[in-house]
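First chain A sits with chain B, and in the next complex the same chain sits with chain C.
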Partner chain A sequence: MIWNNWIPLLVVLSSLLPGLVIFTLSEKQWRVRTFLNIFGAVAKLGLVGWMLWGVYHEQHFETRLALLPDLDLVLRAGPLALFFVSLSTLLWLVTTVYAIGYLEHSPHRSRFFGFFSLCVTATVGVALAGNLITFLLFYELLTLSTYPLIVHRGTEEARKAGQSYLTYTILGGALLLFGTVWLYSLVGTLEFTPRGFLSQVDAQHHPTLIIIFVLLIGGLGVKAALIPFNGWLPKAMVAPAPVSALLHAVAVVKAGAFGIIRVVYDVFGIDFAASLGVTAPLAWLAAATIIYGSLRALFQDDLKRRLAYSTISQVSYIALGVAIAGPLASIGGVVHLVHQGVMKITLFFCAGNLAETLGVHKISEMNGVGRRMPWTMAAFTIGAFGMIGAPPVAGFISKWYIGLGALEVDQGWVLLVLAGSSLLNAAYFLPILHAAWFRKPPEKWPHEHDFGRHETSLALLIPPLITASLALLAGVLAMLPFSPLEWAKLISVREFYTP
Partner chain B sequence: MGAQLIQVDWAVVLIMLPLSAAMLGFLLPGMARNIGLLAALLILFTVVGLGWQLTQTGVYSHVAGGWLAPLGIQLHADGFSLLMLATSAIVGVAVSIYSTGYFKAADDQRFWPTWLLLWAALNALFLAADVFNLYVTLELLGLSAVTLASLTGSKDSVSAAMRYLLSTLLGSLAFLLGIGLLYHQYGSVDIAILSERVNDSTVSWAALGLITAGLALKTALFPFHFWLPPAHASAPAPVSALLSALVVKASFYILLRLWLGLFDFQQDSTVANMLGILGATAVLWGSIQALRQIRLKMLVAYSTVAQIGYLFLAFPLAQTGGNRVWYAVAYLMLSHALAKAAMFLVAGNMMLFGGHDRIVNLDRVVQRLPVTVAAFGLAGVSIMGLPPSGGFIAKWLLLEAALAQGHWGIAGIMMLGGILAAAYVFKVLGYAFIPSPVPHQAVSVPARMQWMALLLATLAIMAGFVAQPLMQLIGIGALFDSTGSMP
Partner chain C sequence: MIAYLPPVLLILTVIWPLLLAIPLLNRYIQNAPMLALLPAVCLALYPGVIDYNVEWILLGSGIELNGNNRWILLVSVMIWASSALIDKSHGEGFTHSSNSSFYFLAMGGQLAAILSTDLIGFFSAASLMGYAFYGFLNSSIEQQYRRYWNLYLVFLVVADLALFEAMIMAVSATEITRFNVLRWIISDTQNAQIYVWMTVTGFALKAGIWPAHRWIIAAYTGTPLSVKILLFGVPLMTALFGLLKWLPNWDNSLSIPGSVIMLWGLMTAIYALIKLLQNRQRVLIPLWLIFLVSGVFLSVIGAGFVVTQDWSDYKSYFFISLSLGGFSITALIIYLTIGQNQQHLSAPFSSAGQTEDTTQAQQRENKVLTLLSANYLVTRLQYLQVAAFQLVDVTRQRAVNQLNKIMDEPGWTVAITFFMLFILIIVSLSL
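Our next item is the complex of A and B:
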């Protein structure tokens, strides 16, 4: 079908064009702006749904445009690409609704929503990229379009956070570019291929390939917040809550983790990467990051900072699952891309609600907050249980598969990491839940707003309820077709391992 | 109709049009602005005509007045000339429209005739087919550039212009000596004839040295860059844009043409490597200096020093890297011209708006001049070499050549230069977001001044998407494809 050649491009344009128009709107035209935002998000969702159905039935969707004399800009919707696209498209819609509610009276909304749309455009481009240069293009676009969102508040603290973010990501981008060009000059192609395209490379180049692997993973590890590249993430918490949600669940961190999956499976190929001996160090690094993030999270009193360190820990599950190099573990790692997304976005929405409604920013201020805002805290509780890995929330499924996968390839030490991380997660989430539900609320909240009948404004309340339900459903209905788990299995069969 | 249009000598029009407009503007100072604007639009149209002609009939040659080479004036246009003519036309039109907002009526009558004269010199230079005409146009270009740089008459600008004048005269002198030697030895000034006769001899080497040194001085290659930052930073913003985007490119254009046309006899690569080393130093030195500046215009000017360095990195790479490297250089010339012109226009807007251009006191201009800041950001993307942009295409090709040949030093310098560029671009953007203790005077900036900056910056980004057709256009005449095939 001729249409299939253009749908991937349309998916990218469905947020790019509204975003560009939004920049030109004045602050007062909020109706037009909201319409464009929602229209773009819904159109994208429709297109992605169409492609999901098509790819399930083995149709091909590919847009190819000339970029350089012998390199194309390729957008291709394979199973793995669609997995990430679906996540960001769905969460973008929810986050847009949330952001409209959150920023209701704040200035410069046109600029904010313009860059917000660009950010999602870049994320979808990262997901659909069919070769490494297209990936690089959107990856850098993501860096650039996130920066104005981080410094949005225009304070000195925000400027410094932006500077720190850029220092890390520009250096990361440089490593990625260097690795990409080097790889291209070595093998003359950059096309993502199921099971990789490097296994035929002459053995004398294997040391070079190892260096290239380190460069690529180093560049991606900055966004994926691996040790030692994660200093920017907690600082970036100064941004408004919808931006944090975007950074942690939909876009930036995910783009890094997704890139690691791409490099390991579609550039090197898992078997070849394992034979080069590069996957084991990646697994250790991921495991170390998991423990490090959890330990640091324990000592944060600022709620958003604790969540930020929790992200560092949780996103590394993806890298860990990928690097264990067993079929079941990779299913666990890939499915965590979606699971972590819906759970973490729920937590950030809730943190934003507490800040906006009650002025609560610190965990020490959260006593009894569950009585004042029961729905918000119910959603938070689901998210937190998911992070700990308690069944039946989605996080349990990820850990189960990573654990099984580790045993499958005799990597028992991973179980210790999983257990340790679960304990630490419990140690930093359960006290919050205890304080929120069982302690007495204070006489007066730090900075309370009255939203009338509901505990907070509906635009703020409904998004976390939706994402919390998704986190629950992804766990309970994991065995149904089109569940994240089943789709991850499809990816594993079609793209990762030779059947 | 089409058949007649293809006969038109568009190239001659390209020289005569700005020249006669300059005369008219000088004679009728009250109408100088309108004459200039009309001429600018006509030039753009004429370049399109020439481009169409080239795609239809290939390389264009013309003998003015019927006199042949040593005596008469020959014109020659291939894809590379077309690229430079088109770049000048686009930047020229944007800067012309911008300057209607920037200059008061009193400055108009001094600005327009000189600027049109400079434009005529540029076009004639890009079309010249012999080295003597190259010299004449280069001299004319240098003198009109110095005149424009001293337009404000302030103490700073006059002393900077004086330094600029001395450097440009010294550069031309070396160039003249070089072509004098060539004429003496080989009896011709026609590039095509010379390219057949020039061989590996002491005179050729002396000419090579003199010409390269003179043009490097005019192009402001490190360590000959000393004149550039003060001259470019103290000139009025539209003039800075022209100087940085076009004038330094013109001398580099000559260097590249003669290098490919005449000096391909030199097998050993000492000179090429030396140019490469100077280029690498320029990238680092220019970027670090840019980062250290406290004034926006100085920052942008030092960024030009760094970007010129990239152009010279190509010389060592091209020895084995072949034509792709020169295509990359041509692409970099185009995208740097667009992006750098945009940046200087932005600097002019901020200066007008706030009354100063101290970076740390930019005071929330991002909210108050959003179009201008967007232009700076987009231009910055191309300068940093991040995708998608023209700068990215050029740097990708250069980096690819460097890595394929194992030139690790050059590859490392390019990465470092990109990171430093990001540091100085985002330094400006960061301060544009936050309030400053020193308030701005907040003079309103005409919309056309803001949009012209954005237009140029957007074109620099768009250049990242049209690499394939553009390179085909540049390839007309195959100047880069087989070294020494200058017709």
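Our next item is the complex of A and C:
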């Protein structure tokens, strides 16, 4: 169908155009701004729903525009692309509602929401990119559109965090660009292909391909927060809570992890990458990052910093699942892209609620907070248990498949990493829950705001409840058609491994 | 239409308590704990086997009622109901407190675990039950015992990790987690031994088997009667039930893990026996008895790995034994504790002590007895109690006098514990 050629582009435009209009609005035009935000998000969701149905029934959605001689800008909706697009679209809608409530009395809202829309546009572009050059373009746009969000508060700390973010990500972008250009000069194509397009390259170029792999993974590893490239992430926690949620669950970190999946499966092909011997070091690096992030999280008193280190650890599950090089592990890694997203965004929304409603920023201030804000903490509890990997929350499903996949390819050591990480996750999340639910609340909270009969503003309360429910449903209804797990299985069959 | 009723009952048994965990519901519904149990009661009395498999729940889970779990379900329902009645009569009010959600989540989790047909279903339900029970009891336990109770949380996490690894070992790349095929998918694999170790360790931690038992003592001593009952009826009984469900009938003998587990169970039993003989508080008798029974239980399971044929022949009897054990212990706790306030509980037992009931305690007792509709039975039991305790007291006193000569010196209990651990390690290594 001719329509199918334009829908990927429409998905990108559905947030780009509202974003550009929002830049021109004054602060007082909040009704128009809110309408544009919500309209864009809902329209995008509808288009993505259409594509999901079509791709499930093996329809083809592709927009191809000439960019350079022999290089097109390609937006293609395959199963893997749609998986990430669905996540970012759904969570963008929820985050937009949250951000509207969160920034209700803040200055520069038009600027904020303009960049917010650009950021999601870039993320969707990264997801739909049909070749490495399109990927690279949107990847860099993502860097540039998130920087103003990180420095939004305008404080000295925010500016420093922004500088750190830019330094890391531009360096990463440079590595990615270098690797991409080198690869193009070597093979003459950058088109993402199921099971990769490099297996036919002459053996004499294999050492060069290993270097290119390192460059690409290095570039992507900055955003995916692999060690030693994750210094920017905890610093970026100075940004407002919706931005933190966006960075950790929807956009930046996920774009890096998604890029790793693309490079391993659609550029090199998992079998070819394994034969080059590059997947095993990637798995070790991911395992080390998992443990490192958890250990660092253990010693943070600032709630958002603890969550940031937790992200460093959790996102590496995706890289680990991908690098183990087995069908089951790849399902576990890919499904964690969505599972980690819904769980982590819940935790950041809750952290934002505590900060906005009670002025609570530190874990040591959280005693008895569950009695004051039971719904928020109920959502936080679900998210935390998901991160630990306790069933029936979504995190369990990811760990289950990564564990099974590791045994499938005789990589038993991964089970120890999973166990160690779960133990550390429990060690840094359970004390928070214990303090919140079972300790006596203080007589006075640091900066308490009264929201009437509700524990906080409904715009702040409903988003975490929705995402917590999603985290729970993604685990309980894991085998339902169109569930993240079933979609990850579809991806594995259609794109990663020969059935 | 009638055909749909049994599966609906099965689903309601699990879902209904979980729904009642929503504060808005349980706060405003009168007798919510009893109502939560209603589908379970009907289900337990349903004649016949029911199963319902839901392929899209978790990783393809199911629930069923059969000859083995019916008794456990029945005893579980009785324990929850007794606890709720006692709570109501004593005015402790936990079922309508801010922690009532934990109460209903623990109830739903346990009922789901009892009915589950697969490893993941059981694991999920038992985890929910465990964490919710921790939360629930945390609000009821006295401050000085809370530190030890927190150990339960630590053990729970470690146990869940061990069981998670065991599950992965068991199903490996097959993705089949049903109990009824467990025997075929694991018996011949090299993972079988690791699976057994992980499973036994996980459930032993959850059941508080020696030497991971300190939290049970704290929780038992520091909580009111209504919660004491649940302590045995919920985490402990479910863990022992889980142990039976998770260990299939083995085709091949696993003599090394079997012998060590047998020895571990014996150590636990000996430890409990010593403590029982040393015991000077009447109310603590069920505690040591349960340790003794758990130890014997573990020994028999260990023996089952060595002599596989006997294990296959007699395994089904264990489900009934566990039900009877759970019921008896609960009855014993109620019997020993009823009508006595907390100070009285910790007093040494003597014939004089038994006549010192306060008016207030007597009133509470009468209220409970009326609620339990067992006035006559309990009055008879009170006569028997005095006679039985006088007999026990004389026998116990003789044994204790002998033991005290050795045991009263400080550090002996610790020394014996370490000695037993030492033997256990030596035997394990030698095997």
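Keep in mind that, in the parts below, the second predicted complex is superposed on the first by the 499 of 499 C-alpha atoms of A that agree within 3 Å, B and C clash if a C-alpha of one lies under 4 Å from a C-alpha of the other, contacts with A are read in each partner's own complex, and residues count from 1 in each chain.
The rule is short, and it goes like this: contacts are C-beta pairs under 8 Å (C-beta built on N, C-alpha and C of every residue); 3 or more make two chains touch, one makes a residue touch a chain.
None of these values were measured; they are calculated from a predicted model.
**Q** Would you mind checking whether chain B and chain C clash or fit side by side on chain A after the superposition?
**A** fit
**Q** Could you tell me if A:Pro281 is touching chain B, chain C, both of them or neither one (first, second, both, neither)?
**A** neither
**Q** Determine how wide the angle is at the CA centre of chain A between the CA centres of chain C and chain B, giving a multiple of 10 degrees.
**A** 170
**Q** Considering only the touch criterion stated at the top, classify A:Gly231 as touching first (chain B), second (chain C), both, or neither.
**A** Once the two structures are laid over each other on A, A:Gly231 reaches no partner at all.
**Q** Looking at A:Gly154, would you say it contacts chain B, chain C, both, or neither? Reply first, second, both or neither.
**A** A:Gly154 sits against chain B, while chain C stays out of touch.
**Q** State whether A:Tyr184 touches chain B only (first), chain C only (second), both chains, or neither.
**A** In the superposition, A:Tyr184 contacts chain B only.
**Q** Answer with first, second, both or neither: which of chain B and chain C does A:Gly162 touch in the superposed model?
**A** first
**Q** Once you lay one complex on the other using chain A, what is the shortest C-alpha distance from chain B to chain C, in Å?
**A** Superposed model gives a least chain B-chain C C-alpha distance of 44 Å.
**Q** Show which residues of chain C lie in contact with chain A when the two form their complex.
**A** 23, 55-60, 98, 120, 123-124, 127-128, 131, 135, 138-139, 150, 153, 157-158, 160-161, 164-165, 168-169, 171-173, 175
**Q** Within their complex, state which residues of chain A touch chain B.
**A** Touching chain B from chain A are residues 23, 65-69, 107-108, 111, 133, 136-137, 140-141, 144, 147-148, 151, 154-156, 158-159, 162-163, 166, 170-171, 173-174, 177-178, 181-182, 184-185.
**Q** Touching residues of chain A toward chain C in the complex: what are they?
**A** 328, 371, 374, 385, 388-392, 396-397, 399-400, 403-404, 407-408, 415, 418-419, 422-423, 426, 430, 434, 437-438, 475-481, 483
**Q** What part of chain B is in contact with chain A in the complex they form?
**A** Residues 324, 364, 366-367, 370, 374, 377, 381, 386-388, 393, 396-397, 399-400, 403-404, 411, 415, 418-419, 422-423, 426, 429-431, 433-435, 464-465, 467-468, 471.
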